[in-house]
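Two complexes, one shared chain (chain A), two partners (chain B, chain C).
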Partner chain A sequence: MKKKILLFIAQNEWIKPAFGFLGLFILSITFSPISNKGTLIFLKLDNLTNILRQVSEIGIISVGMTLVILTSGIDLSVGSVLALSATMTAFGIMDWQLGFFFTILLALFTGVVAGFISGAITSWGKIQAFIATLSMMVAARGFALFIAGNNSRNIGFGNGAAPESFRIFTNTYLGIPFPVYIFIIITIIFAIMLNKMRLGRYFFAIGSNEEAAQLAGLRVKWIRTSAYVFSGLLAALAGIIHSAQLYQGNPNDGVGFELDAIAAVVIGGTSLSGGKGTLVGTFFGVLIIGILSNILGLHGVQKDFQLMIKGAIIVAAVLLQEQNFFKKGF
Partner chain B sequence: MKKTISILILFVAMIAVFSACGKKSETEKVRPKVIGFSQCNSAEPWREAMNQQMQNEAAKHPEIKLIISDGNQDNSKQLADVENFLVQEVDLLIISPNEAQPLTAIVEKVHKSGIPVVILDRKIMSDAYTSFIGADNVLIGEMAGKYAAKVLNGKGKIAEIWGLKGSTPALERHEGFVKALADYPDIEVIYEQDGAWLRRRGREIMENVLQRFEKIDLVYGHNDPMAIGAYLAAKNANREKDILFIGIDGLPGAEGGIQAVENKELSATFVYPTGGKEAIETALKILAGEKVERNITLGTRTVSLDEGK
Partner chain C sequence: MLEFKNISKQFSTVKVLHDISFSIDKGKLIALMGENGAGKSTLMKILCGVYPDFQGEVILKNNQVQFKNPRDAEHAGIAMIHQELNLIPDLSIAENIFLGKEPINSMGVIDSKTMLSKSDEILKEFDFPYSSRIKIKNIPVGWQQMVEIAKALQINAEIIVMDEPTSALSESEINILFEKINLLKEMGKTIIYISHRMKEIFTLADEVVVLRDGRFVGQELIDNVTNEKLIQMMIGHEIQDNSVEITKKYDKEILHIDNLNVIANNKSLLSDINFTLKKGEILGVAGLLGAGRTELLKYLFGELKGEAKGNVKYITNDYRPKSASDSIRMGIMYLSEDRKREGNFHDLSLVFNSSISILDRLSKFGFVNNQTEKKEVIQRFEKLNVKKSSILQKMNTLSGGNQQKVLLSRVLSTEPVLLMLDEPTRGIDVGAKEEIYNLINELSSAGMTIIVTSSEIPELMQVCHRVLVLSQGKQTALLKVEDTNPQEILHYAFMQE
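So, the complex of A and B:
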């Protein structure tokens, strides 16, 4: 019986983050502050939708980050690409008057280009992903500041400003904010791609053994580049949502988002050495980070302790991912 | 099996502790009213002083409980902070917004839900608030200008070190200063530069000024740290005796401007009040059902060795 359970856990990498999520959820309910009317604040519908809305940007970025990490790469540029896309969105819809559709297209295209450059430098330039995307992180931030003239651009509505259709990103449908739907749909689409489609399986193949993949006739360089393109595209999508949430395109936003995304991916059980991981795991990883900052925020825990606790959680999560840890530790 | 039992015991213990907490709060007769304060960035000395004042004032009133959240100078973070206050059902919100536009929608939502809102220092782009408390930077700049004219006897050369160019406080502190000096044609502002509120920049700028100009009579910094930075540069060049330094903010504490005046580094500083105390006082009035003024402008005062503290 015990063996069977261990085998099941070993075969399904998302089980551990799912249990982690469940444990944290129960813990949060147990330690939830109580409102004046005696209800548990953590479990209020408003609070739960707040958590989902707050994690949706990091969540969407983490999907792309998972793809890149599966190919044993890393993408440090996502925070800057988010800022660039948010800036493009604000200027596109306000100053350049491109309208809803073309503004979104422009912002997404910016992300695709950034991702393609990172991927191409890594694949054909044979430069480590860390360095290539670090350069992109710096350059994209610079370009965003250049576009914005070092200032942030506010988004307003009405004549000569943003069209009403842009409100779709800030609206709530059936009690759930729109970005949450995007986050969940994106996760589902890419989970299907990873498991059912060829390209998805190729990511795993490259990550676990690049040489073998090459010998098997895979176009490794193109496949790897496509992972970065997806990452850039999703970062740009998160950027559009970001600008809509804050009614502002700010070239200085998104600092440190790459670290949150990497943390979510790692907590979700994806191995940084590539070839092993799941998007379901990442999904739970994102929720774990979101719930953690929510419950700490509700208790008024200050930044110093929040950061220390986050650090400890990441280490604990990675230790639990180690296959041998269970056998040795218990 | 042993493990399962121990986990079970742990869980039961947790529930016991938790339900005990629940009982305790029921027996408390009067729950304190909760005031949530969303600070945009606690890492600035001036804002830290604001938090401190609020905590001191709130400590005098056991009928209220003050919770302070730190937005880390990040609009998204501050938005989440206010959302947390909303689900926590605070009785009153005090907010000092990081930027106007990104926080306008959430403050409107809070105000619409019936929670009174007190806005501190920076405005939002809506009139959905109960009371706004802030100081008048133009007035403070004008006081600085008048002081400068007085100590220079109506004649002299001035270097002005700006706060972050484009920011409202910097523009207003400049505007007031220029306005006060308009009556003194012999006073000349010979150099202006953006010091971005930073002590380090104040020092760098002053080093350049000292190289370029042989005679400077007064340095006006848009805040104390920049004025102190300029003083340090002059001291390095052994010219600090010939120049007067004035700044704005007048914070208490070892690093603050008041101490710098006592150390004779600055000849004067003009207090830019944080409004922390006034915010709590206003909040108490609102919670007691009293009427409060919609716009409260805070006064300032001059701190210099001859004018007292």
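So, the complex of A and C:
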């Protein structure tokens, strides 16, 4: 029985991050500050939904990042693409009067193009993903600033401004903010893709052994590019949510989001060398980062200490992942 | 000198070694034999400290030892030379010999002078034709092997384990290696030699130890055994002689190559290639290492970058190989000689490894049909006799021979018209070799056209109808197997302009 459990843990890479999440959750309850009325502030519904809302943008980005990292790449441009998409959204709905549907389409399309360019440069230009997406990170930020004329664009409602339908992103349904639904649905859709669909297998194959994948008849270049396209698309989606929540498109937002996303993916057990990882793990990785920020924030820990603790947690999480039961065979 | 006492080893639930006991005298060359998965490598990894936990005792010079890591074992005078060389291409010979043990001067800086002079000393004993300043990547594989041996000498190893040292060497390089091995014996070194090649065993070994399925089968003086006896010990029963039966004659032309030349980076990779292949025919490609065997197959598969001149006709159409995925769709498939780099998805399951090339066929709307997939994979594994505990186990948990069978199941799953097998029996034991020959035979009878390469000429003569000989990328002969002999093939393989 014990063996079976260990085997189950070894074969399902998402279990460790899930335990990490549970452990942190319990710790947070134990150390939660207590309100005047004697309730645990951490466990209040407000607080929990707040955590989910706060992580939903990074969460959506992390899904795309997981795909890219599975193919043994990296996408540093997601933060800038988020800012570009947010800017596009604000200008689309306010200045260009594209309406709800076409504004969103335009923003998503921007992300797709950015992802395609990164992927194509990596695949056909044979430039390392780090460099290709670093360039895209700089260029996308520049393009966002160009469009916005270096200022942020506020979103207002009413005649000649944003339609009421745009409020969907800030609304709450059944007590849960709409972006949280998007985050969860996106995670489920892509988890199904990774596990059940051909393309998901191909991502694993490329990350595990690119040469072998090529000789097995996979169109490695197209498949890899598609991972970057998904990453760009999801970063753009997060950008739309971002602008809607802040009622503005700011070309300077999203700085450092790529690092948070990479951290979440790594905490979630996905290997940076590719070919190994799960989206469920990433999901828990995102929650771990969210809860951590939240509980530290509730205690009034300042940003400086938060960052230091975050750094330590990432290292600790990866160290735990490395301890592999059944390293050789089973 | 060295004794194994009741060694057992278990990987979680699977017991891979059972109660192995035998001993080895000083200065002897012991051949360790057995099929893939018999436990040779595991036993040697225990000896060399790679697997520190096991049951039983290893007794070295009357002391029980248990090495915690390979470094420990090296200190005790045990060195292992792996099948895949562990050299760093961009470092010099001397730097490789002293890797991790660099002499340091009083300033804490590497003392290159001592390092170079000591390396040269070791190399001199070996009649090494290269200076120890030369980078590893600039010397031939055969001599790289000698550098591994020099490494062993540098740490004053008394027991040297060699795991298939000849698998990547050409005939002439093997001869040089054998000279050096005899030199080591004269120095009084004890050598444990793992190889699948009978000829080598009979030339080199004093004694032979045979393992089968993780159990000790026997230890014999080499003079007391014959080829047949050894094979019988290894596989537990006798094998039938099965040379090629002349298969049904087909007339349909599958491949027609007319004066093919391939040039890349101003270097001629292939020249003057001319042959025609009919349906069901088996063509062997012979040649020394670097003669262009792999290049020819990879060109036809669309995975060799270069400028091609000449005509290739596949079935009825002109054929310009573009990419692996295109070729596979047209019914052309290739199995790489390099399992590790170009075949395996190490961390992924056997099913994944086996079905990756046919997911198009197994999918509907992009979703893979797991039931059909599983059924087909199990069917192929059974046909190929893959030894596994579960189809979900990871690829890197299988022995080399079984990995090869999984890869064969992958290439066969695409149901190719033209199948190209690059060294399909490299590093594989006798039993599995026989199985692969039989398979090639069977496929050819069923009408599949097959091109197969091998460094072992007798092997080619056993399995092929015709043999194409390459030398430095140039076709030097195309011979019918019944009209030729190994000497003639070798002659053409050595032919230079």
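Methods note: the second predicted complex is superposed on the first by the 320 of 330 C-alpha atoms of A that agree within 3 Å, B and C clash if a C-alpha of one lies under 4 Å from a C-alpha of the other, contacts with A are read in each partner's own complex, and residues count from 1 in each chain.
The criterion applied here is as follows: contacts are C-beta pairs under 8 Å (C-beta built on N, C-alpha and C of every residue); 3 or more make two chains touch, one makes a residue touch a chain.
Treat the numbers as computed from the prediction; the structure is a model and nothing was measured.
Clash-free side-by-side placement of chain B and chain C is the outcome of superposition onto chain A. By the document's definition of touching, of the two partners only chain C reaches A:275; chain B does not.
Panel annotation: after superposition on the shared chain A, the angle at the CA centre of chain A between chain B and chain C (CA centres) reads 140 degrees, nearest 10.
In the superposed model, A:154 makes contact with chain B only, not with chain C.
In the superposition on chain A, A:96 makes contact with neither chain B nor chain C. Looking at the shared chain after the overlay, A:35 reaches chain B, while chain C stays out of its contact range. Judged by the touch definition given at the top, the superposed model places A:124 against neither chain B nor chain C.
Taken over all C-alpha pairs, chain B and chain C come no nearer than 20 Å in the superposed arrangement. When the two complexes are laid over each other on chain A, chain A has residues 330 in contact with both chain B and chain C. Within the complex, the chain B residues that touch chain A are 3, 14-15, 18, 21-22, 25-26, 31, 67-70, 72, 74-76, 79-81, 83-84, 86-89, 99, 101-102, 104-105, 166.
Across the interface of their complex, chain B is touched by residues 30-31, 33-38, 41, 44, 46-47, 50, 54, 57, 151-152, 154-155, 170, 242, 245-248, 250, 253, 293-294, 297-298, 300, 302-303, 330 of chain A. On chain A, the positions that touch chain C within their shared complex are 3, 6-7, 11, 196-199, 201-202, 204-205, 208-209, 211-219, 275-276, 326, 328-330. Listed in rising order, the residues of chain C touching chain A in the complex are 11-14, 51, 301, 303, 323-325, 327-329, 334, 336, 341-348, 352, 356-357, 359-360, 363, 366-368, 392-394, 397, 410, 414.
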